[in-house]
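You will see two complexes here that share chain A, one where it goes with chain B and one where it goes with chain C.
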Partner chain A sequence: MKRMLRGMVLPVGLLALWEFASHAGVVDPRILPSLELVAHTAVNQVMHEGLLGNLAASLARDMAGFCIGSFIGVAIGTALGLSLVADRLFMPSFNGLRQIAILAWIPLISIWFGVGESAKVVFIAAAALIPVVLNTREGMRAASTQLVEVARALTFTRWQLVTRLYLPSALPSIATGVHLGLIYAWVASIGSEYFMTVGPGIGGLIIAGRERFQMDLVILGILILGIVGFAINLGASAIEARLMRWKPG
Partner chain B sequence: MARQGELRVEDVSKQFRVNGSELLVLDRVDLSVAPGEFLTIVGASGCGKSTLLRLIAGLDTDFRGGIALDGKRVTEPGLERGLVFQEPRLFPWLTVAQNVALGLLNAGLSKAAKRRAVLDHIALVGLTAFQDAYPHQLSGGMAQRVAIARGLVNRPGVLLLDEPLGALDALTRARLQDELQRIWAAERITMLLVTHDVEEAVYLGDRVVVMAPRPGRIAASFDVARPRPRDRTSAALAAVRSSVMTALEATIAAQVFDTPRGAPRPMAVARDFATAEGRV
Partner chain C sequence: MQVAAAAAPPWPSLPRGGIAFLFPLSLLALWSISARLGWLPPQILPAPSEVGSALWDLAGTGELASNTAISLLRVVEGFAAGSALGLLLGIAMGLSRTTEDYVKPLFTAFAQVPTLGWIPFLMLLVGIGEPLKILVIAKAAFVPVALNTFAGIRAVPPIYAEVGALFRFNRWQLLHRVVLPAAVPPIFTGLRYGLTHAWNALVAVELLASAEGLGYLLVWGRQMFWLDTMMGAMIVIGIVGFALDRIMAAAEQRLQSWRLA
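Moving on, here comes the complex of A and B:
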């Protein structure tokens, strides 16, 4: 509790400073609107401008891309982790491709997958995929050779070896990858709304704010991004802790 | 399936490739274990005793000679041969009961029969209160008892124990020796235990086999015709212990003065020991 309170000191202090700055005329309120104005805009957006619809659109896109990306990511990571041949064949190319900034793919993806929703989802899936593949592969490779020997002595089949030994032993690592994937997917969701065609979503909201020079709207959008990201992170940590009950400490 | 548990090791030799040259680890080992017998093998490190156990378990099938359990040739791992390692090697994400149940994964029993066998064997090692605990919540001795239950749950013909108590503290070790003796008496399963501890070998074995190192071979065999439960401090056991010790020391002494490559130089001997230690 005390630690949480300490963590609150900095944000509350910054908010106070912000409030002071916008009221004392230190900065132009058009550039840094006051807290009340942002709050007022928030209420107005929720009541009249369909903010919740925009939020739902962003979240739906995020989840669709994340689910596709992490599912394929676990499959690819498993294959790379378990098959030396697959690893030798594909890992160098994968390592090369992931050096390219994910945003650089946007023009290609837009052209290949059209201007609609599907291109955005593909982009988000690609962003989520990368950490999931890397961490799943790492987890598979770290499986204990001693336990593999136990499994052999107990006459496990190949399928049992994967489902009863490799997957569960890689689970902490997969969870780390999926957790990162979740964060990357949310960032990519907003990125797709910024850089691809305008549609409903929080990214669209922020762009609208910039075009109308409404900084209160921009700040509101940014605050929402932060809060949603924070909530996603919190939820993922809770699920992770529940899955890892068997871990010491 | 009725399991007798008669194990025969006939003329088994095994080579490893080390740095490009062939190294003989087991040289024509002959051994037979009677049904229900508790046989212990002692030897200095590098004598190939653990390797022999791995061959019997079917984990390594690249050897010459023959190994058969109840007349059936060993060509791969099988559930009729239970195996306990020096480390418990439990699956950390499974509870005690789930870990023991792994031993029955491919046993072809009904769910109810599996459940009953698992509970029975957890009770056998005295861990009923811990059946839902995870491995990290157990002490080293408890974890090793779970491993023993996992090795026994399928009612194997023979239980192979590869220095199972070697990593435990003296007190826990003595208690688990008594436990093993009690389990063996209750279950009458053939047991083959490998150890480097002469006291343990004599206390537990019906028969103690001494192996000599490089190449690993059987040097001597001692019957321990003492009734059970045994008294660790009895004079009769002490007498067997000292003969086993003498035989064991002879295998190590012979090693220093009688190398196959002619007159040994001290450096060469020291190096040989180093590689032997590192290998096993």
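Moving on, here comes the complex of A and C:
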């Protein structure tokens, strides 16, 4: 209880200072709009400007890209983790391409795929793919050699080996990758909307707020970004914990 | 052993790393052939030789060097500011539970919003000049450095502090003889993440608002539809990012050479 109260001191103090500064005219209210103006903008956006539609568009895009990216990522990671030849052949190239900051791909993707929905989803999928590949590969390689020997003694087929042994034992690692993928995909959704400003979305909303010098809109957008990111993180952790329930320790 | 020798392929085996070049080389070959035969228009995929010559031209006019230098300077400045603050906050929160209670919730809320989200906010606040870039890069480095420093200090086994108490170390001695050295590995992990994040943030902010730098080179290439310039800039962004990470890894190794295994 005491800890929670202490935690509230700084945020509440800052908000109070903000409210005071904006009312007393210490700071230009265009730079620091009052809290009630932000709240008013929020209500107005929800009621009349289709904020929820923007949010839904961003989330749909995020999910589409994430699903495609993590699915392909698990497939590639499994192949790289199980086949030494594939790993030697492709991993160095993958590592090389990975060095390019992900946002630097946006101009190229926008030339190849346009600035519409498909380009955004491609970009989000690429962002989600990277951590999933890396962690799936790690997980596959970490399978216990003793278990593999047992499986060989039981004359598992190759398919059984993958589905009964390698996939389950790589699951914790894959979950970590998917969790990271979710976070990357959300950031990438915002990035794609910043640079390809066609169509609805929260990123577009923030950019519009900046262009019209509407700080209230920008702050509202940032709040939504934070809350959605937080919710995604929380959801992913919960699913991860649930999937890992069987794991001792 | 003999079985293994007999099973060896009759052709001389490639050196261990050699196979790594097989894929990129064949991709490059396919790319050249497709450009030569015009499978894809050069507006979609320019020939590799054109990317090379675009890079060569940029290097020749000095544009490449000057833009890279500008980007590097921004990253160094932003990273230095952000990681210094991150170290301070991480140490303060790690050492004192009271500080943690007061500051951590606000810090967590601040860290929830991705760097990309703060850019438009800061644009309205400070304009699109040099301070914007430094602030954005500093924010990107600040969060992972603070988090890892905090976690690293908390993970120092209490038994170390007990040994320190046995030696009658005062607070300062305890901090710089025991706690900080023990927390070096996680702190360095944080610094490495911080530098990677700083480099990504640089690309983001230069794409959104800049008239110079490697990110601007990309934007410029995009506007002119010069794919060769764009791809050249991407390659340089990748190489510099890789080099920065390597430098950090080397520094980490050096600092930890005293460790046993």
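Basically, the second predicted complex is superposed on the first by the 224 of 249 C-alpha atoms of A that agree within 3 Å, B and C clash if a C-alpha of one lies under 4 Å from a C-alpha of the other, contacts with A are read in each partner's own complex, and residues count from 1 in each chain.
Just so we're on the same page, a contact is a pair of C-beta atoms (placed from the backbone, for glycine too) under 8 Å apart; a residue touches a chain by one contact, two chains touch by 3 or more.
Remember, it's a predicted structure, so these values are computed and weren't measured experimentally.
Peer 1: In the superposition on chain A, see if there is space for chain B and chain C together, and answer fit or clash.
Peer 2: fit
Peer 1: Which partner chains sit in contact with A:Gln146 here, chain B, chain C, both or neither? Use first/second/both/neither.
Peer 2: first
Peer 1: Please determine whether it is chain B or chain C that touches the greater number of chain A residues.
Peer 2: When the residues of chain A touched by each partner are counted, C comes out ahead.
Peer 1: Is A:Gly221 in contact with chain B, with chain C, with both, or with neither (first, second, both, neither)?
Peer 2: second
Peer 1: Please work out whether A:Leu165 is in contact with chain B alone, chain C alone, both, or neither, and reply first, second, both or neither.
Peer 2: first
Peer 1: With chain A's C-alpha centre as vertex, what's the angle to chain B and chain C, nearest 10 degrees?
Peer 2: Spelled out: centre of chain A as vertex, angle of 90 degrees.
Peer 1: Per the contact definition in the header, classify A:Thr197: touching chain B only (first), chain C only (second), both, or neither.
Peer 2: In the superposed model, A:Thr197 contacts neither chain B nor chain C.
Peer 1: With the two complexes overlaid on chain A, what is the closest approach of chain B to chain C, counting only CA atoms, in Å?
Peer 2: Minimum C-alpha separation, chain B to chain C, in the superposed model is 6 Å.
Peer 1: What part of chain C is in contact with chain A in the complex they form?
Peer 2: Per the touch definition, chain C meets chain A at residues 17, 19-24, 27, 43-44, 98, 101-106, 109, 112-114, 116-121, 123-125, 199-200, 202-204, 207-208, 215, 218-219, 221-222, 225, 227, 230-231, 233-235, 237-239, 241-242.
Peer 1: Using the touch definition from the top, list the residues of chain A that touch chain C in their complex.
Peer 2: Against chain C, the touching part of chain A is residues 2-3, 6-11, 14, 31, 85, 88-93, 96-97, 99-108, 110-112, 186-187, 190-191, 194-195, 206-207, 209-210, 213, 215, 218-219, 221-222, 225-227, 229-230.
Peer 1: Mind pulling up the chain B residues that touch chain A in the complex?
Peer 2: 57-59, 76-79, 81, 83, 85, 87, 89, 91-94, 102-103, 105-106, 134-136
Peer 1: Give the list of chain A residues in touch with chain B in this complex.
Peer 2: 144, 146-147, 149-150, 152-157, 160, 164-165, 168-169, 171, 245-248
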